[in-house]
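Supplied in structure tokens, the structure appears directly below.
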Amino acid sequence: MVSTPELKKYVNRKILLKLNNNRTVIGELRGYDIFLNVVIENGIEVSKDKNENALGAQSVIRGNSIVSIEALEPIV
Amino acid sequence: MVSTPELKKYVNRKILLKLNNNRTVIGELRGYDIFLNVVIENGIEVSKDKNENALGAQSVIRGNSIVSIEALEPIV
Amino acid sequence: MVSTPELKKYVNRKILLKLNNNRTVIGELRGYDIFLNVVIENGIEVSKDKNENALGAQSVIRGNSIVSIEALEPIV
Amino acid sequence: MVSTPELKKYVNRKILLKLNNNRTVIGELRGYDIFLNVVIENGIEVSKDKNENALGAQSVIRGNSIVSIEALEPIV
Amino acid sequence: MVSTPELKKYVNRKILLKLNNNRTVIGELRGYDIFLNVVIENGIEVSKDKNENALGAQSVIRGNSIVSIEALEPIV
Amino acid sequence: MVSTPELKKYVNRKILLKLNNNRTVIGELRGYDIFLNVVIENGIEVSKDKNENALGAQSVIRGNSIVSIEALEPIV
Amino acid sequence: MVSTPELKKYVNRKILLKLNNNRTVIGELRGYDIFLNVVIENGIEVSKDKNENALGAQSVIRGNSIVSIEALEPIV
């Protein structure tokens, strides 16, 4: 059965988000919806020159701005 | 239960909005709708060189222009 | 009750619109629809170097081009 | 009653269209649809250095490309 | 009666298409659909320095890429 | 009868696709859907300086990225 | 019968994805949905100067960011 993209397995795991305007954000996935809007905690923004900038307590990232979501932990 | 992105917990709290054209706005969230259009009060726009420019009494920011919404206060 | 973004309170008040291509327009809100298309009167376009250019008698601004709508008068 | 953006009053009047890619077109509005696609006649394109270039007999301008529609005649 | 944009009158006539990325195409309109996707024959692409480059036997141009459609023949 | 854009006549024929980011792809059309997503075989990408780069065995090109589809063989 | 673009035949095969912002990603297709969101494993990002950068264990790439999907293995 061809699995549809399932973010359920990524919840509470560390993910790396690549956003439209060349922004990269790393954090723990807490939730998502069908538009691929995602909720992350302990978020860090990694700039091009690898500087890290902590984000707020919790962040909602809009699906429309997301290019890719990488699982930084094994997905079983 | 995987929580869908819920802005309800952010209402009346201080949030930081990153917008499409590299604009950053900070303010108190007063309301939102399913398109992630948001209403903020006491809004401030923070330019790249950290200058702060107060916005009107109340502002509606269109969901389509929003990249991320960070809670600047703990979310319980 | 979390209020959804309500432009009704802004009608006949002075508003400031920030548009996608760094354009700024000030005018009195006369009407709007669910796509956030808005009708303004006595519109003025404010260029980056603060020059003011009067718009036509009445203008329709398309919601898709709007980034934010600021109320320039108190909203009660 | 909050009026929704109504182009009916603009029909057969002179309007100024600002388009996405900094193009400006002036002409008489002959028709429109719910997507704000508009039909104009006697259209002129005004370039940034104010040169005027006549358009075809009649033109359809796609709503998606329109930023604003200004009435160049009083709207009663 | 306010006419909605009607391409029927343009069929088999010469039209000029302005596309999003500053491309200009001239050809005879053979068909269209509700998304303003259009079919043209004997198409020519006119570059900025007025060079003309013939297109294939027949071409489909996607509505999403079209800014304006000008009739190059009188529309009765 | 005004024909709607019909790709059926283009199937198994050589076509030239112009894509949003100034990319040009030539190949044989094998299939398409209502979003104008297309399947091509024996695809070649032609760069601006006319270099040719063969694509994979088969490729799906997303409709949203397509500006125009030219038939490089007569369409009867 | 004109086949609609069918990614089923690409599953568990090596594919090359060209993304909107000139990014190129190679990996094994594990799943997809009707929006052409795709799940890949053993993903590698290939930069313009041909440097290879391994992606996370598994990645979801959003359909909206995808320009083309090339099968790097024969499709039967």
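Here the chain labels run A, B, C, D, E, F and G in written order, and each chain numbers its own residues starting at 1.
Here, contacts are C-beta pairs under 8 Å (C-beta built on N, C-alpha and C of every residue); 3 or more make two chains touch, one makes a residue touch a chain.
As the structure is a prediction and not an experimental result, all values here were calculated from the model.
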Path length in steps (a step moves to a chain that is touched) from subunit D to subunit F: 2
Given subunit B and subunit E, the chains that contact each of them: none
Angle (degrees, nearest 5) of the CA superposition of subunit A onto subunit G: 50
Euclidean distance of C-alpha centroids - subunit E vs subunit F, Å: 19
Rounded Å distance between subunit A and subunit E, as computed from the means of their C-alpha atoms: 42
Residue numbers of subunit E (touch at least two other chains): 7, 20, 64
Category of the chain touch graph - line, ring, star, complete, other: ring
Touching residues on subunit E, where the partner in the complex is subunit D: 2-7, 15-16, 20, 22, 36, 63-64, 66-75
Subunit B-touching residues of subunit A, taken from the complex the two chains share: 7-8, 11, 19-21, 23, 25, 30-33, 37-39, 43, 55-62, 64-65
